[in-house]
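Sharing a structure here in structure tokens format.
Order as written gives the chain letters A, B and C; numbering starts at 1 within each chain.
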């Protein structure tokens, strides 16, 4: 089976899972206590007004009709209307999405850039101080709740030494890029494109604000990948093909990276695929610590005020991103390991 | 179900590995703190004491601006002065912003964490093993159906799902009387321990899928093993085969996974408490959330419970490594921390 | 013919948790240019470790602890004379006196190696063509610089690996190397080589894999091809094809082959001269006919007695009773290590036998008292002499004499 067909099949499976997600999200409202009308209608609303609100929202129709309409709406890109904010739910959610993506990507970059070399060093200098240090770091790293780590980083880096801001995201990454290329995005307008100086300034501000949140979210993954890389490298370096590669005269760097590390990364990617949920969940709580205006803070505040369209929209976007990420991981896995026959 | 060989492996690994010993020591320490919290705690963890608020832990001191008003020559004068606040031995880890003893809260917090961790895992194991064994043993439509449900469950990050469920269902909690207080051994302590019931149910609901996967895998592989075919050919019923053959073989991987999941659930519980989605009144996550507002003046309020979480989770993870190295079941790690 | 390689009193030991294992204990051999030299022995006799010691690939906790490995290489001798005068003798260089960097550089252009299990000797996630091209590329890059200034990494590191994975054409290999890899595959008889170069190891059969590994070993145009059990993992018909291939390649290129095997049939078919190893020592050596027609050592005789012979069908094969002895230093005492399994063991065998010249060609020698005395000159050992744990009865094991085993020099009497 070719990679294309494999992706097609995973895509179809993904669509089924997304449909399941949508259904669960829809049903969530019916299994939750509290009448949605209560959160919209004024406290002294007359029964007549309440009835009219319910009718307006379609809440008095049979469940299956509401479900069908909900699905139909989603297919049109309509995720409902948030009365509390007076905006389309999709507009609110997609305005928040870049912040969460930036955070998750920055954390992943931090993790990969630190963890892979650390794991390799740890495996190739077994029982030396560097190995013990890396092992201790990875043990503590996977055991530390990231909200606490975030608070500790704020305490040390922001409160004590005033190196980084404690919270907020004044500019987005795309705004920085907007100084180079003309792109359309939601946000404050910027000057004409191709302003390198403004680009560097904006990027600097962005980096300055995202450093602590990215470290907070990235530490668990750095620790996990270090651990996996170390044990995988130890496994691979003991295999006969490594000796064979040395016997043909390859320098040790080639043996390590081109041979052993390549095969180590295959299982590492599998485990990371399983851990994507932790990345997204971690992003939610990191956002809460740093008041980062992403999907996580949106979800929490929407739950607190029972803003149903927003709750549903953010859950669906989270679920769909998760499914897409999983397909991407599978494709990456398949491209690294030639033995996968895409089954 | 635990063979002599398994016990030998466990002992040998424990003897050789310093990390395994450290793990056992940490977990014993946390268990001890949780069980005997009412006897160990110097103060009632819920009792406020405004006069002794924001005391630093032993070995530290802070300064604090105090405003006092005095009658001087018939006029009220407001005096603002900088006062040095010293630690006191009766509050070794200091006090929080309303004067509650941090050490006592850390000790009692261990109860919530461990109770949620153990009860939640037990519930998840029960649910996951039943579903997984059924799916793996009967295969076909049953398997397909159950595994599609599992896929949808896995499409939600566990923390997100837990927030959604608890946020929407409310925060029910169950109070159980504390035996030490009942017996009159610790009269000044809170009368009951509060278990955040919704949290227990929700963490089990978001984590059972990992157990279902492992149990299903074991059931699939054992089902086709020759001795099971042999058992069936002599007329053993499905129920007997599952009980006698499939279940015992699944014990090791599930035990290892359960250990890691207890750690994961403790982290999940602390995250939920931190966000305010819990029902517990004594929880490390809750204390961290409260201490967060006083970072600039009283760093210890948020720091101490965090150290307690790290130590407990490190201990449990080390025990997980120990079991995995000694028993070598080859399981996925499952979703880890937060 | 001149010697290409002279190994003198090589000692390789493994320092394990159970104790010191003397895997190779005073091995000496000469390999002549253009010949096929066979090393034969049971598994655990130290023949593979000897080969790994030559190419400096003994894994931790193992180390070469003594001896000399003299390689004839005029260029290398001229280059190293200045920095390591002790390691140079005429056109010969003692490899054990050279820095690791230089020894690594010998893998490929001097020593090509074919390992036992073709299925696990290739990286499963790189194409066969890429892996052979690597072996070409590493030499191409090395040749671009004089030995003294060669880069240790050839400019390849983690960053290059990550970039090479993302950007095609920015990796390690050059197009020339990839073309050469296809030529090599063709040379070892792989049909449709351009196509097969793009396939992964799991798409190859066992015989094809071994051909590919031979191609990879040929990539550096080695002076000496070390073939460590090259046919053991293959089925019989494929074995014959691989041996034919090796013989053809040798005839074509004139390279020298060091063939390591436990299979006497392979030795008989391929080799000019042979060394028989037992318990880390060479117990008998000589030309093929010396060893096969006039074996002196009872172990060699026993090995030959356990090969089926079509001419004497009906006679029972005679297995050698017992097992290879433990090579733990603490359990080895100063005696002939084969004595406990030897049908002719006598009291003279309780002392370490020297290597002595035996009848036949000038090369023929054996490490056995029978080369010098007749059976019967010394009282036979009772059958139960080794029966009750006598292995441990000598507290002073070999090699505990305080100078790392140098004291055993006297045993390599036949040094020319």
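Keep in mind that, in the parts below, contacts are C-beta pairs under 8 Å (C-beta built on N, C-alpha and C of every residue); 3 or more make two chains touch, one makes a residue touch a chain.
The shown structure was predicted, so the numbers you read here are calculated from the model rather than taken from an experiment.
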item	value
Pair with more cross-chain C-beta pairs in contact, given A-B and A-C	A-B
Central chain (by mean CA position)	A
Per Cα centroids, the chain farthest from subunit A	C
Geometric centre distance via CA averages, subunit C-subunit B, whole Å	57
Whole-Å gap between the CA centroids of subunit A and subunit B	24
Centroid distance [mean C-alpha coordinates] between subunit C and subunit A, Å	54
Partner subunit C, residues of subunit A touching it in the complex	116-117, 120, 239-241, 243-254, 257-259, 261-263, 266, 336-339
Contact footprint of subunit A on subunit C as seen in their complex	55, 57, 59, 104-109, 111-113, 115, 117, 120-127, 131, 134-135, 138-139, 142, 152-154, 156-158, 160-161, 164, 172, 200, 202, 213, 216-217, 219-220
Subunit B residues within the subunit A interface of the complex	19, 148-149, 151-152, 154-160, 163-164, 167-170, 263, 267, 270-271, 274-275, 285, 288, 291-292, 295-296, 299, 302-303, 305-306, 309-310, 313-314, 317-318, 332-338
Of subunit A, residues touching subunit B in the complex	16-18, 20-21, 24, 28, 32-33, 139-140, 142-148, 151-152, 154-155, 159, 220, 224, 271, 274-282, 284-285, 288-289, 299-300, 303-304, 306, 311, 315, 318-319, 322-323
